[in-house]
Each structure stands twice: as C-alpha cells, then as structure tokens.
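Listed below are the structures to be examined.
Consider the two complexes below, in which chain A is the common component and chain B and chain C are the respective partners.
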Partner chain A sequence: MKSKVLAKKDLLKFINKLIKEYDVFAPVKKEEGIVFSKIDKTDDMCLSYSNTKNSVKEFLLPQSEKLFRFAKKENTNEITDLKEKKRRSLLFGVRPCDGKAIAMLDKVFLENIPDAYYKRRRKNTLIIGMACDTPLQTCFCTSVEGGPFSIEGLDALFVELKENYFIIPVTKQCEKLFVHLDNASQEDIKEAEKLKKNAEKRLKPVFEIKDIKEKLDGAFDNPIWEEIHEKCIKCGICTYLCPACHCFDIQDETVGEEGCRVRNWDSCMFPKFTMHASSHNPRATQKERWRQRIMHKFNYLRENTGMYGCVGCGRCVEYCPVNLDIRKVIRDILESK
Partner chain B sequence: MKTKKIQDIARKLLKEKKVDVVIGFEKGTLPSSATPCFIRNPDEVDRLIWNSFCGNNLANYLPKRKDKIGIVAKGCDSRSIVVLIQENQIKREQLYIIGIPCDGMTDKNNVLHDYCLICEHKNPVIYDVLVGEKVKENKAQRHPEGLRDTKWQKIEDFEKKSSSDKWKYLESELSKCIRCNACRNACPTCYCKECFIDQEKPRWVGTTNNLSDIIFFHLGRIFHQAGRCTDCGACVRACPMNIDLRQFTQKITKDGETLFDYETGLDIDVKPPFATFKEDDSEDFIK
Partner chain C sequence: MNNPYLPIPMIIKNITDETTVKDIKTFELAFLNKEDEKNFSYLPGQFAEISILGSGEAPIGIASSPTEKEILKFTVKWYEKGVVTNALHNLFVGDKIGIRGPFGNSFESKNIKNKSVVVIGGGFAFTTLRSLTTYMIHSHNRNKFENITIIYGARSPDDLIYKKELKEWAERDDIKLYVTVDKGDKDWKGREGFVPTVVEEVAPSAQEASAIICGPPIMIKFTIPKLVELGFSPENILNSLEMRMKCGIGKCGRCNIGNKYVCKDGPIFSLAELNDLPKEY
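Right after this comes the complex of A and B.
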C-alpha cells in the first residue's frame, strides 16, 4: 500500500465522513483532562494532546463487560447472550505506545484460545494512530522496544507534517478509507522521515531492556523487592491507566434470582487480587504484588508472547500519587546485586 | 535550611536507635516532585529533603505499624496522626514526630493547593521536635467580610442549591471515577482492614463501574470520614480523574465543626463526635 496525504484543512471533512459510518472515538477535552471518548461531531475532538489520560484498551477490554444474563426459572436456568453491537468502531488518534499495547493484548486474547468477547470487539474496530513528536518527560517508549512512530498494533498511522497529514496504511482493512486520497510525494516521505528521526532522538532509552529478562530470571528472591514496594499505597491507578495491563475478575451481579455475569478490570496491586476461597493469600504483602507486576510485564509476558507488558506510555509514572516510578524500579533492579 | 535540620534529626534518631525508621520525603523522579521515603540507615539520611512538593500525608503509612517511627509531619499530617492515636491505630510512644510548620504545598505547576489556602493549622498540633519557626495561622480568614475565599464559602454556596442540582453535581463529578481506590488508599484515616466495598460476604456494593455503585462507594467512604477528615487534600491529590472530592468531604467537616463544635485532630484526649454522645448534641439534621 502506498503512503497517502491528506491536507490538514480536509481532516475534519474526512473525520465527518467516518462518523457517518463508524462509532468514532478520539481524544476529547473534558474536566478530567484529555480522554479518549466517542465523538458525535468533529468539534468534540481535541488534537493538541500529548497522550490521553485513559488508554484505548477500554474499547477492546471494557472496565466492566457484561458477558451474559441468567435467570432461574421454575425447572430450568435461562441463559441469554447479550446483543452484539452492529456499528463498527474506529479509534482515531491513538498514540503508537497505545497501539503497541494493543498488539500485546492481541497476543494474549487472540492466540492459543481466543477470547470471544475481545475478538468480537477487535474485529469490529479500526485503529488509526497519530505519530508522536512531542514526547512528555514521562514517556519512555524507546526503552521498551517501541517508538514514537511505531506502527505496531495500528491499522494506519497519521504523521502531522506542516501542510498535510502523511498517512501510512498498515493493514488492508483501512485501505478503502484512503483510496480517494493523493499518494504521498518524495518530499512528504522525506519530511516524515525527518520528523521520525528527531522524535526518536528526543527519547533516549532510560534503561537497557535487553538485560532485564535475564536479570529477572534470577531475581525472585532478590532483597530489592523489600524496598521497591514500601511507599506503594495499593491503589489501582497504575494498572487501570496502563494500556497493557489486562487482568480481570469475573463476578455475578445478581438481584433476586436473576442477574448478569460481568468481567471487570482487576489490579495486581489490590490485596484481594489473589485471595483464595480458603482465605489464604499467596501474595500476602505488597512486596509479592510488586514483584509479580514487574515479573509479569518484563519477564513472563516476554517469555510467553515475545513482547513486554510495558509500552512506555508513562501514565503510571505521571499519575502515581507517591511517584513510584517504574523506570526507576527497573533501573534499581538492573543495578542490584 | 529545613532539609539539613531534618537530616540531622533523622541521623541522630537512627544512630541512637530511638527509632527503627524515619518516614520523610526524598527527591522525586519528576521535576517539581518529592516522594515518600523510608530511611533505616543513618548513612542514608542525606536522601531526606524538604520543599513545597512534600504534599503526601505521611500519616497514611502509620496504621498498625509495630516499629518505632520517626515521622516528618506538616500541620495536616499531625492532625491525622492525632486521629490515628485517638482511634488506637498507632501508639504515641511509638512515634517521634518531626513537626514542620508549613507554608502550604504546591502542585507541579508551583500553584498552592486550594486546601492549603484555607488551612487553619499550618503548624503541627503535636510534635517532639519542631523544625523552623512557627508560622502565622490563618484563623482570621474564617469570616472576613466581603471575601469569598472563606473556609466554608464553597460549601455554603453548594448548600443553597436544590436537591436535584446537588444530585446532578454529584453524578457528574463521580461519573469520572474509575474505581482505582486511590482516594481511599491515599487517605490516612481510611485504614479499615477490609473496606466495605471489598467485602464479599455479604457484598454491599456492586463490582462494576455502574454509576450508582460508584456513588454508593463514595458516599459510604465520605460519611465514614465525619469528624475524621482533616481536609489534608490527599484524596484529591491522588485522584487521577480530578474529581472534586472535597466538595463532599468538606460538608462533613463543616457539619462536625458547626453541629458538634468539634475540629478534627487537635487533641488526643478529646473524644471525637463519632465516639461519644452528649445530651445537647444537635439533632436538627435528623428529620
């Protein structure tokens, strides 16, 4: 597929056309900050953002997803599937870090035994990225094998040039969106290349990712875990804002003799996350919980999927109420004996 | 320099084994940030710092600790410590309180937090050593005529609204909530071994992000704060979604102060309103 260009002045027209066909989700400025939300008109969209407060995972793995309804009838139990959404979704303006997180979620939810609910949403969703040339001081995508212009997990990537958007179509699914657009010129390609190089230069890696897995393999009993967790207040900000965290809990919400089975986000930072029915908790303190968080992201997922469970978006760094910075945690582990 | 004094005090406490740990602040990883730290080795006291970003209420780390603790405390932190002592969550004898008169804490843009603007207890109310001179308190701000920035102004404006407008505000604020529990976990007086929202037998609150469940959680939490919240701002500072939680906690604080004449966390020997009963207690709110 050839690269395309869209004049900046035509962007709103382009999005308006998409809104007719898709449920379009884009960055929107709200009281709580810039968040990814459904837009009904292009006026709602806010493209002057570094990244959104929430990640886009909630559109593929909702915080609370109803799986099915159930009801106890006289001689039987009735199970009702919930209706599928017919209209397709399109996420516009996804940052490459969040795109990479979707590629990781795909490994978890689509390979081996595919998850029907995730698969349904994923197949129904187009993901258009927006390259990132103004990284925040909390950004570290290049430290975790990502990049500000990475196309991983995306169906297409937009790059903001001076006059135009330079569009890199990635998958066949999005081809038809761009057929009417002009092909990019050599100058456009060069301008985009230059922006990419500059953006990458601004994001010097903050740790050596290649050393991490091996270090963690022998670090289960490293005394460093005693220190790392100490100031953690056990809230779920880091995991809930993380685009790659995907652990969930299944609950029955029941009223009388009928109810709904739901899947909710859960957090390894919550003490009850691993509580057994016997009331034994194998991860009894925050030490074991933090060890698991780091091991899962930087060791187990790497081993099982080939990818890390961290994409360097920096949300956990920016919003942690006690400044427990995962970049420092990794550096401390690498430096520990 | 307060930083140097804190370091000296901490070094002495640890060297003389008067405490097992000093809880204070060290430089954060972001510009304009400080972060809680736990110092056990006298050789590491140089990590301790003091600046206007030391906003976290360190009393949050105290409940149920068994060791001897040196703790850096601003006015609000010291009031939370008083509450924790009153409620038997920590013993006075376990603590060596390094009190710091506070000129108010700032956010990452160097703007004073709004709860610091109306703070009436900048000086620690309980301490073993005071670092620096006491600062002037803001008591006069309570009823300055013509000024809108009085302590209860925001709440009084809110009280004038109709029930449906109040409810609308509550819904619009709390619909931002992602149930991360940061408000609860950052709060020094939210220390229940098992919070009512985590209980399963029976389950009091639904598990989803349904708005009525979210509202139930917040109202439950806030009512539990009556006579216990010191308006330290830990909850709003922690909230990643900028929810105006103080709009609700301040109402509870105001009721405590105006209906029961009780200001939270000033004296460990005074019984808090939740723990006592007087014949002349206000009953106007029971209808």
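Right after this comes the complex of A and C.
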C-alpha cells in the first residue's frame, strides 16, 4: 500500500472514528507524567510527548493478568478459562523503540509453543507508531539496531510533517484505516525523509553494538561484574519500565473457596526470582543478577531470537533512582580487559 | 485455542511414604478425562508442573514410566519454604489436583539407545531415574539397550526411596544393581560407602555406554571425575538440572542459563553441553 497523508486538522476526527470501533490507547497527560492509557475522547490525548513513562508492553503482557478462575466447591476444582475481549484494541502514538520491543516479544511469545494469552491480545491489537523527531538525551535506539523512524513491530507509522501526518502503512491489517486518505506527494515523502535524517543525526552512537556479543561471550567471569551492581538497590524499576523485559511469575490469589491464577511481571533484579524451595539460589547476589540482565539482553536473546533485549528507549537510564546507566555499563564492559 | 497454562485435571489414587520421617511421598495420579490421558505422551526425564489451585505450581520430574499405564507418579520432598510441596503433602487419596506438561527433553533425546547405560543416583533425586529404569527393563524395551547398571546411594537405609522397586530389580538377572548407603543400621546387609567409590569399584565399561547421573551436587562433583577416568566422554555423561520454573515453555525467563532454558532445552544436558554453559545452577 502507498504512503498516505492526513491533514493535521483532521487527526481528531480520524481518532474519533477509531474510538467508535476500537478501544484506543494513546499518550495521556497525568499527574505522574505522560503515560500510555485508554482514551475515551480525543481531548484526553496528548501528542506533545517525547516518550511515555510506561511502555506499551502492558497492553500485550499486562502487569497483572488473570489466567483463569477457579472454585474449590466440594473438591471439584472447577476451572473457568477467561473469555476473549470482543472489542479490538488500537495503540496510537507508539514510539518506534517500543514497536521494536513488540517485534522482540513476538519472537518470545508467539514462536515455539505460543503463549495463548499474549497471542490473543496481539491478534486483537493494532499498533500505530509515531516517528520520533526529537529524541531525548537518554535515547539510544540507533545504537541497538533501531531507529527513530523504524517500522519494526508496527502496523503503521505516522510522521508529523508541517501540515500533515505522513503515514506509512506496514501491515495489511491497517490498510482499511487509511483507504479513504490521499496518497502522499513527492514533497511529503521528501519532507519525511529529511526529518528522519535529522532525527538520526541527533542520535550519536553510545557504543559499538557489533562488538558486544563476542565480548560478552567471554565475559562471564570478568571482574567488572563485581563493580557494576554495587549501587543497585534491587528496586526493579529498570525491568518494569523496560519495553522488552518480559519475565513473569504465576501466582494463585484466593478469597475463601474461590480464586484466580494470575500472571504478574517479575524481575531478574529481585533476590527471590531464582530461589529454589530448598533455599538454594543460583543467582545469590546482585552481581549475578546484573550479569544476567545484561547477558540476557545483549547476548542470550540475540542468539535465540536474532534481536537484542534492549531497544534504547532510555527509560531505565532516566528513572533509575541511583543513576545506573546501562549505556555506561555496556561501554565499561566493552572497554574492560 | 490450545492453552498451555490450563492444568489437566487429575485425581490422587495413592500416596506412599518413601521414608519413615515421612518427608518424601510418592503420589500416584490418574487422569479424570480419558482424552487427556491419550494426549499425554511422555518419555523418561521429562517433568510436569504440578498445580494445586490456591497454592500454585511447582515443576516435578515424572517418576513413572510411560510403560506404566493409566497412572503418573511424582515423588516430592517436603520443604518448609515450598508453598506447593507443602500443600501437596497435606493432600489425601481422592483429592483432585492438576498437572501441566509433559515438558522438557528426555534421556532418549541424548542418544542412549542401543548402548549400555549406567544409571547413577543419590538420595531422593532418583525420581526420573526410576522412570528411566522401569522403562528400560520393560519387556518391550529391554532389547533396545545393552548392559544396564544401576548404582544408587543414600545416607541411610531409610533414605533409600522406591524400596519395593529396588527389591524387584535386585532379583533380575538382566541388570546389575548396586545399592549403597553412607552408613547402615543393624538390619542393613548391603554395601556401605559413597557413590563415587562404588562407581570406581564396579567400574562399568565406558565402551558404547552412557552414564546418567542425578543426585546431590556433592555426589555429582565427585562422581563425574571417576566417570571421566573410566573413559566416558563428556557427550555420554548426562545430567538433569533443576531450576526454579513457572511457565514450563521457555517464556517466563527464570530457568534461563546462558542461551538455554532448562524447561525446554533441558532438563537433561550432557556434560559437554554443561561445559559450554555458565555455572549458574
């Protein structure tokens, strides 16, 4: 499908139409900052944002998700599988870094044995990106094989031009949203291209990604891990805000004889993450846990999925309470002997 | 849609105390639906998530053999901090529970057929080895393996699990069984001594043979050098790893070691494979 244009003044009309058909999620200004949440009307939406505080992974892999209900009536152990939501979801304004994270999550959750819950939500969700023309100081997508105009993981990408939104349809699923729109002109294409180049120029490489896998292959016993974790207070905010982190726990929650099995986000930064019932813990200190976080993101996932578990969104850099900076950690590892 | 997170309903048919202190129990489970039973096809070495509604799930190796029809056996040790194992130990015959699985690879996936097999077990880690032994000596399978040697040790005679099976196996002339305890009691007439010493003494031939070893880390640590001395190659020394797990299908991340997930790439690894992995288990 050809690139399209939507006049800026028509955006709200366009979104309003979507709200009739979809549960629409978009950046919303709240007390805690700009967060991705459900919008009921276009007034809720805030498009002057660099990136949202939360990533969009929670709409595919919720922070807490009921897997099924159960009742232990007279020892029958009845299970009720939860029903699929009828209305489809649409995420509008996803930054390309978060889109790329979805492409990575798709590999983990849809390949081999598909994860039924993720698959359900993923099939039911359209993802429309918004190109990033003013990256933040903490952004480093181009250093991890991404880009401010990347279309990976997205169904379509919007680019904000002076008068219009330039729209790149990526998948067939979103075509019907744009059929009534005008095709983009040569000028529009040129303007978008220029914005892309400018944005990429602002993103200076923060490390050489091509060297990292080989370096990490031989770095398991590198003394550098002794230092890296020292400041860490095990709060786990880095993994919760990370659009690519996806480790989870499964727990039962009960009230009386009824309850549900719930899957909750978990974090490799937490001491109990790998603790056995026997109290043996293969990753006993924060040193091993930090090593695991870096190794999983930059070595193991790369080997298993072809993608890194870091998309350079910079949230962990921005929100770490003790200013641990993953970019510096990677640089230090690359420079270590 | 096929949902790998929904447990298969089972009923507890029998519970056996393996030791007099009653901290290790074997649960015999039967399927509540015939269809589930038909679809549950497994091999020795695989595991399942045992699900107790209200308590959660825990990964446990399957102790029965696919040649034992209609039931699945799980031998579970009680741990003070184990939420699910505690709940399981409080259940009775007739109670209903769930399982998910079978998960993981099997001993057979590591090229053990048409060779001799040396099974080396310690303490209550003999569970999937019980599955394997029962499977190999079954009349349908015995001719698929050459010499079968079983070496099994525990701290005391009471700590030996599967006492009934050990008795039956001792009477067979198509396998060699060596049972040892660190220290016997007044009724003990068998061997005394540690597993690595027994391995050295009975010196099973490494020619066209696989050694499968499950037990406490200290036993494994001292037995592996003996096997290497005997000439077993790292490809032919097999180990079953334990890690904390939740999903069982390589998603939840906690059993990740190096580029492997113990739940789907293991739990059975050869020493050659383990040598390539970080020592983080």
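Everything that follows uses one rule, which is that the second predicted complex is superposed on the first by the 336 of 337 C-alpha atoms of A that agree within 3 Å, B and C clash if a C-alpha of one lies under 4 Å from a C-alpha of the other, contacts with A are read in each partner's own complex, and residues count from 1 in each chain.
The definition used in the following text is that contacts are C-beta pairs under 8 Å (C-beta built on N, C-alpha and C of every residue); 3 or more make two chains touch, one makes a residue touch a chain.
These figures come from a predicted structure and were not determined experimentally.
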Determine, for the superposed arrangement built on chain A, whether chain B and chain C clash or fit.
-> fit
Partner chain in contact with A:Val108 - chain B first, chain C second, else both or neither = second
Between the C-alpha centres of chain B and chain C, what angle is found at the C-alpha centre of chain A, to the nearest 10 degrees?
-> 90
Residue contacts on chain A - larger count, chain B or chain C | C
Between chain B (first) and chain C (second), which, if any, makes contact with A:Tyr240: first, second, both or neither?
-> first
Classify the contacts of A:Gln292 with the two partner chains as first (chain B alone), second (chain C alone), both, or neither.
-> second
Kindly classify A:Gln251 by the partners it touches after superposition: chain B alone (first), chain C alone (second), both, or neither?
-> both
Could you look at A:Tyr300 and tell me whether it touches chain B, chain C, both or neither (first, second, both, neither)?
-> second
Looking at the superposed set of three chains, what is the minimum CA distance between chain B and chain C in Å?
-> 7
On chain A, what residues does chain B touch that chain C touches as well?
-> 249, 251
Listed in rising order, chain A residues that touch chain C in their complex are 67-68, 70, 72, 75-77, 79, 81, 108-109, 112-113, 115-117, 119-120, 220, 246-252, 254, 259, 261, 263, 266, 268, 273-279, 282-283, 288, 292, 295-296, 299-300, 303-304
Spell out the part of chain A that touches chain B in their complex, as residue ranges.
-> 30-33, 53-54, 63-64, 137-138, 230-231, 233-237, 240-241, 249, 251, 253, 262, 264, 267, 270, 272, 317-319, 321-325, 327-328
In their shared complex, at which residues does chain B touch chain A?
-> 28-31, 33-38, 56, 60-61, 176, 178-182, 184-186, 198, 206-210, 234, 237-238, 240-243
In their shared complex, chain A is touched by residues of chain C numbered 1-7, 9, 53-58, 79, 81-85, 94-98, 242-244, 246-247, 249-254, 256-259, 264, 278, 280-281
